[in-house]
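Listed next: structures, encoded as structure tokens.
Each of the two complexes below includes chain A, the first together with chain B, the second together with chain C.
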Partner chain A sequence: MAEPTPRVKLPRSIEPGVPFTVKTRITHPMHTGERHDSEGALVPRRIINRFVVSYGGEVVISVNLEPAVSADPYIQFEMAVPASGLLEFQWFDDDGSVYSLQKQVEVG
Partner chain B sequence: MSEPNGKSGLNRRHFLASAAAATTAVSALSAPAVLAQGRPRVVVVGGGAGGATAARYIAKDSEGAIDVTLVEPSRAYYTCFFSNLYIGGFREYASIGHSYGDLAANHGVNVVHDWAVSVDRDARSVGLAGGGSLAYDRLILSPGIDFRDGSVPGWDLSQQNRMPHAYKAGSQTQLLKAQIEAMPEGGTYCMVAPSNPFRCPPGPYERISMVAHVLKQSNPTAKIIIVDPKEKFSKQGLFQEGWQRHYPGMIERIGPDFGGDKVEVRPDSMEVVVDGEAMKVDVCNVIPGQQAGRIAAIAGITNEAGWAPIVPHTMQSRSDENIHVLGDASQQGDMPKSGFSANSQAKSCAMAVRGALTGSSTFPPRYSNTCWSLIGTDDGVKVGASYEATDEKIAKVDGFISQTGESAELRKATYEESIGWYAAITGDMFS
Partner chain C sequence: MMAPTRRDVLLLSASATAAALIPAGAAEASNGVWQAIDEFTGGALRLEGGVLLDAPEIFDNGGAVPIRVVAEGARRIALFNDGNPNPGVAEFTFGRLVRPEATIRIRLARSQTVYAVAEMEDGTFREASQKIAVTVGGCG
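Entry: the complex of A and B
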């Protein structure tokens, strides 16, 4: 299959201390381990099992995902920052892969 | 249904016969210039699902009483409908190509292979690129779509070989298919989807399905990205269910929530810029924003949005009763821009034109449409409706749509129904 693609959307302008919305999504089939393919064979479980966002090395949000989460998991949350800095996003795959994305946040 | 009122003692047949007689009497008084010239002349511009059908029905049903000329630049017409199936490998290219020979031979339609470049509404004549002009009593414009300049920044028609639209079928479709087949292993196909309204609402998403079908076999690590300015699209639930089942992890749609409405392309570097971030892609299929085919604007019958408003009962232009507009170019109300719709509108238009020029009977039109889409092998879905003419617009009466979770047997039957429809509509246009 194609390599999963992570995506993040931040507002155009961010004010210090004012909450803003972060939208994230990664393309991933999220195989539950319960489904069968067209030949009747069980498709082995393979999901994104954890999603972590940190800001300047400090964890902002850490999410455990379960097999019931649908394909292309979309996670949206609110956060606020005191000053400019680096946001880092990580998605952990059952197969050991880690997909990451970084976004520089400029406040002002 | 509009049934004649039983209390009046008129049955349908009597009612129509008297209405027709009244039409003839009125025409003879109010439009002697038309009838006095002998054989009335109809010029049809555009030989697609609207124009070819209208030309054929007017010529066939008037049995020679109306002189019909069809102006169409292409000698071989490739249907936009089913061109996605050619991209997916389900149809041969030749199978979606048709010629106009039978319209001339079987029905006496005068087929002129030329471009219509001007319309003189006062003199009632159409100018041709090759010189000369054609006089008409009624003009039927069925020019399909043209692309709106600037709708995708960075793209214009001069880039259509580097970033094909393939949204007018023919060599563009062949080019896009060749580019998809030549993609590097693990490469990226990107579609820039159009904003509403546009030709064939499920078309871009059926195309995505067909591209995925090809790549799944030949290039399974390839990616497909749709950059889409729209919140929602036609048959969305059905497509997304099918993509997950047939092509898991392969297709990503970037809607307006992730900046899909802020796109530009850079053909020289094969980049697509979404909300300021550039992506390198291997194939870029740009389907620009659309408007009525150019001759409609030249004729001066389009509105600010670039479409030609019509009278729902007859498909006559709102600004010129001697001009009718069919199919994608028309702004008619609730019908989607589709080959099926254009074919349906053409038959009502043909009836109205014959009624006006020869006094033949007319009755309230009923319009219908179905759009089939193929998601994977034997996995067909459809959406459709019937429509009626109100004073304001062509209005939807009732509709139907395939459901998620349908059985494989039903999906296969739906696909087979679409093959039968293709044979029927192309027969209705060209035989």
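Entry: the complex of A and C
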């Protein structure tokens, strides 16, 4: 499997205290553990089981994911920030890997 | 804390008058969805209203069904299904900087009902549900 690639989309300009939409996605097969491959062997479960977004160290949103979440998990939410800061995204894989992405948010 | 939109105010005021208890085990489900919801709520009663579950009634691709859920005043929202092998879908915990709203794409193995259960700031629980018909099931 190719290394999962996270992507995050933010609006071009962000005003302090004004809600903006955050779109997130990571390439990942989200193997449910229920499916068989072409040879009939069960493909073991391997999913992104947790997604956490924090801003300046404060948790913005955390999500527990189950196998019912689609492949290439897409999560969108709305947030607001009082001032400029670092927005951090982390995806936790069943295999222990953690995929991270950071975005500097400049308000103004 | 963000100000609620006019739509949310309407949604909440409509729901307050129409609030009704959700009957326990309202339908037969074989995948343990009622037990899963009880684990999330600690067995607390759930009220209808206050949760907007925005999902298609019919969707072609069960592998990626778009779901949007909003519950103004919620700390946590969990999504469940009654027709996949496992009843859990996703659970969102909201901090101070985010609106209690999320959009996600989910897999539905067949046509079934999706439930959104919200834990409110006062510790009560609210629920909404939506039947979704899928033309092609998203393989479990």
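The rule we apply is simple: the second predicted complex is superposed on the first by the 108 of 108 C-alpha atoms of A that agree within 3 Å, B and C clash if a C-alpha of one lies under 4 Å from a C-alpha of the other, contacts with A are read in each partner's own complex, and residues count from 1 in each chain.
We adopt the following convention: a contact is a pair of C-beta atoms (placed from the backbone, for glycine too) under 8 Å apart; a residue touches a chain by one contact, two chains touch by 3 or more.
On a predicted model such as this, the values are computed, not experimentally measured, just so you know.
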Review point. Between chain B and chain C, positioned on chain A by superposition, is the outcome a clash or a fit?
Key: fit
Check your understanding: Does chain B (first) or chain C (second) touch A:55, or do both, or does neither?
Key -> second
Review point. Who does A:7 touch here: chain B (first), chain C (second), both, or neither?
Key: first
Exercise for review: Take the Cα centre of chain A as the vertex and report the angle out to the centres of chain B and chain C, nearest 10 degrees.
Suggested key: 100
Practice item. Pick one for A:75: touches chain B only (first), chain C only (second), both, or neither. Key: second
**Study point:** First (chain B), second (chain C), both or neither touched by A:64
**Key:** second
Point to revise | Which partner reaches more residues of chain A (counting touched residues only), chain B or chain C | key: C
Exercise for review: Name the contact category of A:31: first (chain B only), second (chain C only), both, or neither.
Suggested key: first
Exercise for review: Answer with first, second, both or neither: which of chain B and chain C does A:107 touch in the superposed model?
Suggested key: neither
Exercise for review: Go through the superposed model and pick first if A:19 touches only chain B, second if only chain C, both, or neither.
Suggested key: second
Practice item. Working from the superposed arrangement, determine the closest approach of chain B to chain C, counting only CA atoms, in whole Å. Key: 7
Exercise for review: Would you please give the residues of chain A that touch chain B in one complex and also touch chain C in the other complex?
Suggested key: 71
Review point. Can you list the residues on chain B that touch chain A in the complex?
Key: 186, 220-225, 244, 248-252, 254, 257-259, 275
Study note, to complete from the structure: Counting only contacts in the complex, chain A reaches chain C at residues 19, 32, 34-35, 55, 58-71, 73-81
Check your understanding: For the complex, which residues does chain C have touching chain A?
Key -> 2, 63-65, 81, 84-86, 88-99, 101-108, 138-140
Practice item. Please give the residue numbers of chain A that touch chain B in the complex, ascending. Key: 1-5, 7, 9, 23, 25, 27-29, 31, 71-72
